[in-house]
Amino acid sequence: MTSTYLLPLLKIVVILNAVLVSVTFMTLLERKVIAWVQVRLGPMRVGPYGTLQPIADAIKLLLKEDITPVRADKWVFTIAPIVSMVPALIAFAVIPFDREASIFGYRVPLFVADINVGLLYLVSITSIGVYGIILAGYASNSKFPLLAGLRASAQLISYEIAVTMMLVSMVVMSGTLSMVGIVDAQYNAHVWYAFVQPVAFVILFIGGLAETNRAPFDLPEAEQELTGGFHTEYSGMRFALFFLAEYANMIVVSAVATTLFLGGWLRPFPNVAWLGVLDFVPGWIWFLLKTFVFVYVFLWIRATLPRYRYDQLMRLGWKVLIPLGIANLIVTATLKVLL
Amino acid sequence: MTLTPITPYHYLVLSAALFSIGIVGVMVRRNIIVILMSIELMLNAVNINLAAFSYQLHNAIGQVFAIFVIAVAAAEAAVGLGIILAFYRNKETLNVDEMNTMRW
Amino acid sequence: MSLFDTTELTLNMGPQHPSTHGVLRVVLRLDGERVVGCDVVIGYLHRGIEKLCEHRDWQQIVLLTDRMDYVAAASNNLGYVETVEKLMSLEVPRRAQYIRVILAELQRVASHCLWLGTHAMDIGAMTVFLYAFRERELVLDLFEEYCGARLTYNAMRIGGLPLDIPSGWDRKVRAFCDVLEQKIPEYEELLTHNRIWRDRTTGIGVISGADALAIGLTGPALRGSGVAHDIRKDEPYAAYAEFDFDVPIGTAGDTYDRYLVRLEEFYQSVRIIRQALDGLPEGPIVGKVPRLIKPPAGETYHAIEAPKGELGYFIVSDGKSNSPYRFRVRPPSFCNLQALPRLVQGHLVSDVVALIGSLDIVLGEVDR
Amino acid sequence: MLEPLVFYTLAAFIIGFGVLVVTTRNTVHCVLFLVANFLCVAMVYVLLAAEFLAIIQILVYAGGIVVLYLFVVMLVNLQRPPDAVPTRGRQSRAGFALAAVMLAEISAILVFSAARPAPAAASALPATSGVGNTEVVGMLLYSDYLVPFEVASMLLLVAMVGAIILARKEA
């Protein structure tokens, strides 16, 4: 009983809390990183060097009036932020932070579940996430959110195809759909898949940017064009939920990219014996470090690049990424059969 | 409270009920999009059946057929919605009773 | 979205919209995301400046002109005082002329910095926004040191200047010129050679030179279409005839060319400022101006090349009262804005904000 | 103990959402109930040890097909409120009757067959234990059912072409 129900529940609680806290502080990280890029200081007033800023933000958002527009579709308007938040959170169920860690003498696997369709589960979960945005656009009963909703759904569906192609390539490489299995396969192959599959790596990263609505693909929420896109009409905690969902999705994409391409919890050069000192650092720290690098690149890109236009985005997705993805899949499969 | 263990019959009843709801939807509603959705419900009922039998017989063939059903459903939805859009452009209506130009 | 046939959607952008540069209201008719029609609604910032000017005496008007194009107040001042001087046939000392040129060119740099920042921000490059504002801040510091104000300078007087330059100011201006020349390549790196930026701006809002002239475009927006029209060269005023500078022109007449033209104007402004500082003559800063300014009866039109285009003043004096009989401004933003409905035709919503940015309008000047 | 509980909860949700799909007036809400229904059905598949099918159900049905429905409903709703007024005529009575007959028939079959001993779970057929569900389905798809699989892909291709031609504006 303890091991079948209590332990997974405990892990879920810990991971959810960790995710929510890190998401909250990612808002601060984003503001700080972009501020440094832009030769500013960023938030400095709340706490030392502004470190308590997210808490102030959270209090502000909680205390704000939760406005529902009169002509909005009230139920859908309320459900939409939840629908976009939940998939972002349950995606963490299959992400392996480490194979095992010893906590108080117990050897505990550091993932909630290692299901044999882990990767497909992730894909299907992200495909649910698009509902939040479409529904928010529809329910607000306002033109800017509607345009954003249409943009977002088209964008997410198109880039999902490219990303899924890449994931299938990775499945062909590793021969398993399990996230833990993919890391093990990289250990056995003596190499991170980022070096074997650079095309897939790049496409997954670009697709990840697009799927999380991050710059330069942040069209659905382009403030300068659509006055905030699908969350134009939202305020207070419901707005915060959209925000948190976006950041949680960033972490999910980073974590998935880490697992698939950077060897998950494996230390650099896991098969080189004389680097054994690196084993001193626990695997989950390696995992978090690699994930953090991705997150940082996300922010860095946002600070650097202008925004794509809608039709250019679609062209990039359909005419470049998807054909490249299919070609990559075919080459991977062919080589896998031949070798 | 003790519940009787779940047998394939339970799944079959569930599937039958869902199928019946689908029939009611198709027959009663006049909005063509809802009718299409009711058809999807019926297809799902069939899939539950297939999966239940697959489980009962320890044989994955049922699931394979369920996947084919899903593929057909996708094709049906794409073409069906295309027809609806084309129709809506010309007639500005979604009511099946008004779709009678082919009637004699 | 063109796959689906939807009826036209009317989208009201502004007057509260983050990228209409103030209180512009654009009513777009959309087919999907494609613009099929565009109405520009203005007047939300109308303060009746022209009418106000007819009830102020001649020196007081300088202060009102500050409030038109509030990001290029010194250029407004310059246009006005030169018009009155022309009306009165006043002689302005050369030192004042030179300082006026320096101020006007610094102002051009400041105005272009603001344009660059907001334009880049509209297209999503948020870092350039802050970089450009960093440089604009330096110009504002220089202005503050010169006249004490950072935005509305009231920096010129009929017949000359209110103040001579503070000691050491010229050195600071030179230092600023060096800084600016180092910083512009940074913008170029972030934008000019950026694939996304080029995709977003090339081929957007193309207008031919002839059309641009016909519609009344002036300034960088006209030069982007390949017409080398610059009042500083064509009808030199102040001391511009004595300086050596080029008029950059574009070829394609699209948003990217207008961007390149303005970017090149940074360098040209720096060039003019350096020459003016080098040749800054000694002497008085105010000419022989009567105590009571009362231009003879008559009317005149005088235009200068403001950062945004041709800024013209048409002033009628009846020769009796202490204020102009009629005061009319030809603001560059207003005339350039006329091109917007035509430019956005057939482009996407995202391009509308890019084009508003590309025309470089200031609503204070459009509405006056 | 847990399985019946889960099953009855899911069944209640499936039937409930199904009824809501058919009865709700607002078409967008209909679509939402349909998604909820599909998600519950996916969970039933998990109960039936068909994880791959469950994932495909979510991915294709909830993530693809229903988004398409939502798209069309939103586009069509832009102009007019949904004209989903059910006309309670002869046809709808016939619909209810048909559904009732259907339900009665299946229930009858079930009741009668339940009276007899259930077939002994055909243990002679190849067991699926040991190998993951996905691998088994995949092997079947690419070996015994390769031709239907290819036919299905052709069907999808044709449907795609057809949908594009139908939805395109007049050329």
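For clarity, chains are labelled A, B, C and D in written order, and residue numbers in each chain start from 1.
The rule we apply is simple: contacts are C-beta pairs under 8 Å (C-beta built on N, C-alpha and C of every residue); 3 or more make two chains touch, one makes a residue touch a chain.
On a predicted model such as this, the values are computed, not experimentally measured, just so you know.
The chain pair sharing the most C-beta contacts is B-D. Chain-level centrality, scored on Cα centres against the all-protein Cα centre, points to A. Between the Cα centres of subunit A and subunit B there is a gap of 34 Å. Between subunit A and subunit C, the centres computed from C-alpha atoms are 44 Å apart.
Work out the mean CA point of subunit A and of subunit D, and you get 29 Å between them. With centres set at the average Cα position, the gap from subunit C to subunit D is 63 Å.
Annotation for subunit B: residues 85 touch two or more other chains. Multi-chain contact residues of subunit A (touching two or more other chains): 150. Residue positions of subunit D touching 2 or more other chains, listed in rising order: 52, 56, 64, 75, 78-79, 133, 164, 167. Of all residues in subunit C, those touching subunit A in their complex are 1, 9, 11-12, 17-19, 33, 120-127, 130-131, 134, 190-191, 194, 196-197, 199-200, 348-353. On subunit D, the positions that touch subunit B within their shared complex are 1, 3-5, 7-8, 11, 14-15, 18-19, 21-22, 27, 30-31, 34, 37-38, 41, 44-45, 47-50, 52-53, 56-57, 60-61, 64-65, 68-69, 72-73, 75-76, 79-80, 82-88, 91-92, 94-96, 98-100, 102-103, 106-107, 110, 113-114, 118, 121-123, 125-128, 133, 136-137, 140-141, 144-145, 148-149, 152-153, 155-156, 158-160, 162-167.
Subunit B makes touch with subunit D in their complex at residues 2-7, 9-14, 16-31, 33-34, 36-38, 40-41, 44, 47-48, 51-52, 54-61, 63-64, 66-68, 70-79, 81-86, 88, 92-95, 97.
Across the interface of their complex, subunit C is touched by residues 34, 37-40, 143-144, 147, 150-151, 154, 215-216, 218-219, 222-227, 302-312 of subunit A. Residue ranges of subunit D in contact with subunit A, taken from their complex: 26, 28-29, 32, 35, 39, 51-52, 55-56, 58-59, 62-64, 67, 70-71, 74, 78, 132-134.
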